[in-house]
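Listed after this line are the structures, all set down as structure tokens.
Common to both upcoming complexes is subunit A, partnered first by subunit B, then by subunit C.
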Partner chain A sequence: MIHRALIALLFAFLLAPVALVFPMSFSADRVIAWPPSAFSFRWYIALFNETALRQAALNSLLLALGVTLLSLAIALPAALAIARGGFRGRDSLMALLTAPLLLPTIVLGLALLIVFAGYGLIGSWLGLAFAHLLITLPYALRVLSTALATIPAAVEEAAASLGAAPGAVFRRVTLPLMTPGVIAAAAISFLVSFDEVVISLFVVGPKLTTLPVAMYRYVESRTDPLVAAVSALLVLFSLAIVLLLDRTVSLRKAIGK
Partner chain B sequence: MKPRTALLLLLPALAINLVAFLAPMANLASYAFHGVSPSGAILPGLSLGTWAALFDDSFYAELILTSVLTSLGVTALTLLLAYPLALFVHRAGPRTKNLLMVACLSPLLISAVVRTYGWLVILGDHGVIYSVMHALGVEHPPKMVFNQTGVIIGLVQILMPYMILSLLAGFGRLDPAFEEAAASLGAPPWTVLRRVVLPLSLPGILLGFLLVFVLTVSSFITPKLLGGGRVFLLATEIYDQAIVTLNWPLAAALSLVTLAIFGVTLGLYGRLARAMEQA
Partner chain C sequence: MPHLTLSALEKRYGAAAPAVASLNLKVAKGELLGLLGPSGCGKTTTLRMIGGLIPVTSGQIDVAGRDVTALPTHQRDMGIVFQNYALFPHMTVAENIAFGLEMRRTPRAEIKPRVQQALDLVRLPDLGHRKPRELSGGQQRRIALARALVIRPSILLLDEPLSNLDAKLREDMRTEIRDIQQRLGITTIFVTHDQVEALAMCDRIAVMRAGHLEQLGTPHEIYEQPATRFVADFVGRANQIAATRDADGTIRAGALVFRGPPGPPGQVTALIRPHRLGFAPAEGGNTAAGIITRVTYVGDLLACTVDCGGVSLTVEQPTLPGLPTPAVRDQVRISWRIEDTLVFPAE
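Entry: the complex of A and B
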């Protein structure tokens, strides 16, 4: 009995901060207070009038879409070369290309800030895209490599021996077989870019900011339930992407474990 | 595939790696060894001035020590809370297990800003804890946020999924038959846990400790928002020096210190993991 209660308590500890955002987003109070004195749509309406946050959300969405497409376009050829290239030192190459994930984002952000400042890339789309690619590429590369590793080379060899050109083998055999991996890589790249905040904090400028950064700045200066409304929408958004992914491909299969 | 084709396919990825990773990191390292003029321009010629300033000021020695100790404390607490949860998930039936896994890992899909904000709702000045304690008759509930307590509570919860993942990976070697054997030979539950379960899950514990420690040292959003500018850790200081004070050489030096802590931790982990394999 005590055992069960303890487990329930631990689960509550783990999930409460996200769960409580929902009732708080319907608070009618001016500040964060528990329990809310009354419930209303006040903060969702306020959200509608908050142009800065809306613009930031749009920026994040566009950036995440662009970064996802670029990640696939860059990581797919690289994964193919690493999986089928047959040259030596592929493990070290993979280690180099995924190394950014091992370093603290605060250090990566600072390193980018110093370099970007010299080239006027701070607060630019190009700068933000580079910064996000830095961390989405390793994820995409890993997922795509795993997907490629599960395709038996014999299938491709069979197609080639029957006279298919390398491009045709890839388009007609390899790509269709690794579709779940491509979808998973796209979803992970999108979520990583859309949620990225620390590196972005260093690279955004007064004219161009992302949603997580705008939220961070807002929470830093004011604590009202507005961010609860944004958070509730974001949680539902993430959930929708994951469910969509789960419908299209089993996540477990896609990551290959 | 011809080597030339392979190189061509790799070129874009290598270019991004060079432009956004290798070159900026090399530049960062060199910043730590250059002087700065009062206007903020980098002076030519190598200089150890930044390091001298860093070692001269006891604030930084304290900052590094506090960061390491706080991270160790957070990691230990995370392990303590995640272990029973992970064990429960590991022992659950297959269908419940999947559901519990999703519950444990879903916080990872949600932005750190959102999760930290959730803690402001709970720990804030008129938050959940305050109102519960007030209702229970506590006149002046202790302040839970914008101090070290809030930072530690927030970090433990935010890093728990990583610990649970590592522990579950380690539990793979844990055959229920071992526990049953120990129990049937008369070992009380506590002894089974201490003598059978715990030693077998040691690799998972070690992995989780490494992962959570490293993530705590580099975490920034949670200490910044829950610390309210009153809790000083390595990551928050790097940000302040880079963005507020604009002392990039000092921020670069502190970054190298953080990387050194990472290096030492990884080295220790490698040694312990090898020792464990041989044991």
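Entry: the complex of A and C
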């Protein structure tokens, strides 16, 4: 009983800022103030006219989609090679590919800035995609490896014994069985990329920026509830993705906990 | 010409002692050969080499006179039933069975009736639409068997297909598999560590021990004329008596003295099957006096432990109505035929 209450309290504490965003976004005030003196849709309308933020949101969306596809395209063969390939150094390869997760993102961002500056990659799609891949790949690889590990080798061997060549085994047995993992990896890659601020801050440029960076810049100079409206939409958007994920696969199963 | 030939087959995992070594076997067309041995003796390893699931370290595998040693699994045309079924969980039972036919590019119109035939064969005609997880363990076994048989493989490989089944289902499946195998005349390798299963089903049994072939023979030969103490001990139950053999074939174990087949004198182990010992006198056979120390009733059998001059022997008798039931502390004479005494040099 006390446990339950404690957990509820903890959740309330963690979620309070998120929940606060919703009433705030309907504020009719000119500046962020709690509680709002009146409610309105004015900041949602203002958001509609804020082209810079809208462009940034579109950029983030495109970037996250591209990064997600690239993540899968790289992580899927890598996970297969690590799980099924009989070569030495599989563990080292896995460690290498998941290492970026261990570095402080600010260090990663700084390193990328130094490297990218020399090649004119700052503020380019290529640079941003590369930077994001660095942090989405470890997640995608982990989730896909877990998904692969839960497929018994005997099932693939059975397919081979029935006359399926390696390609057919993958298409007809392995891939369908790891579909939940692929969906989970895609969703996580998408959310991580869409959400990324720290590294993005280093590699965005004047012509190309992402939504989180644009929001960050916005609150640096202005104090109106517009960002609350953006945040509210973001929360709903993320929630939709997570719910979708949860309906197709159990998230916990995908992460392997 | 044998259908399947293993020549000097060897498998090493890493630097350790070989899991299978210098294995030579010839299996005739339509024969059911059992691979029998204790856990870890290399049965599965042998089966996986035959099926092409693991590469051989050295040696050769021929099927119908053709060297298949380097052929990948999907080109070997062997049906494999795995120890844990390995059905495709995302396909229905019918799709599972159809898979091999699709891989063989069997015409669509032919697939359906053949799937149904296979389902009928394993006596589960109505389960085609189910998913594997909706089947019992025994049903999954049978579907796995149907899936392996439907492709009409040249060789069928079964890895402990009856383990984890309850005793009754096990016995049913035993006769069922044997029936199907006979009807289709399909060359079959059957891995088991259960000697009763091996004796009951196989045309011939290869008893393996620590990667080596210990004895190859018919169930009758394996049971009645075991080549080594290991085989005698592993197949069937036996009283084991540490003893010495005199030059004339007399065997002495403390106060217990009896006759066995002649052989070189020295330290030996004598083995006598419990059900070959009896309380009725045997003409010209061995006899020994003793005291019953324990009586165990197991329904169809009565097992009496008899102390004969310090040697403990188990006597198994079928329970027959009207027969006097021996009791603990009864003085008895037990007897057995001389040829039922198996003698091996002590190890």
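Definition applied: the second predicted complex is superposed on the first by the 245 of 257 C-alpha atoms of A that agree within 3 Å, B and C clash if a C-alpha of one lies under 4 Å from a C-alpha of the other, contacts with A are read in each partner's own complex, and residues count from 1 in each chain.
To be clear about the criterion, contacts are C-beta pairs under 8 Å (C-beta built on N, C-alpha and C of every residue); 3 or more make two chains touch, one makes a residue touch a chain.
These figures come from a predicted structure and were not determined experimentally.
With subunit A as the common reference, the superposed partners subunit B and subunit C fit together side by side.
More residues of subunit A are in touch with B than with the other of subunit B and subunit C.
Residue contacts after overlaying the shared chain place A:Y216 against subunit B, while subunit C stays out of touching range.
In the superposition on chain A, contact is made by A:A99 with subunit B only, not with subunit C. Judged by the touch definition given at the top, the superposed model places A:L162 against subunit C, while subunit B stays out of reach. Contacts of A:L58 after superposition on the shared chain: neither subunit B nor subunit C is touched. Within the superposed three-chain model, A:P152 lies in touch with subunit C and out of touch with subunit B [touch as defined at top]. Touch criterion met: A:V173 reaches subunit C, while subunit B stays clear of it. Once chain A of one complex is fitted onto chain A of the other, the partner contacts of A:V21 are limited to subunit B, with no touch recorded for subunit C. Between the C-alpha centres of subunit B and subunit C, as seen from that of subunit A in the superposed arrangement, lies an angle of 100 degrees, given as a multiple of 10. Of the two partner chains placed by superposition, A:A240 touches none, neither subunit B nor subunit C.
The least CA distance from subunit B to subunit C in the superposed model is 11 Å. Common to the subunit B-facing and subunit C-facing surfaces of subunit A are residues 166. Contacts from subunit A toward subunit C in the complex involve residues 152, 154-155, 157-166, 168-169, 172-173, 176-177.
Those residues of subunit A that touch subunit B in the complex are listed here as 6-7, 10-11, 13-21, 24, 31-35, 73-75, 77-78, 80-82, 84-87, 93, 96-97, 99-100, 102-108, 110-115, 130-131, 133-134, 137, 141, 166, 191, 195, 197-198, 201-202, 212, 215-216, 219-220, 223, 227-228, 231, 234-235, 238-239, 242. Residue ranges on subunit B touching subunit A, taken from their complex, read 1, 3, 5-10, 12-14, 16-17, 19-21, 23-25, 27-28, 31, 81, 84-85, 88, 103-104, 106-107, 109-122, 124, 126-128, 130-131, 157, 160-161, 214, 217-218, 220-221, 224-225, 235, 238-239, 242-243, 248, 251-252, 255, 258-259, 262. Residues 51, 53, 72-80, 82-84, 86-90, 99-100, 103-104, 144, 147-148, 151 of subunit C touch subunit A in their complex.
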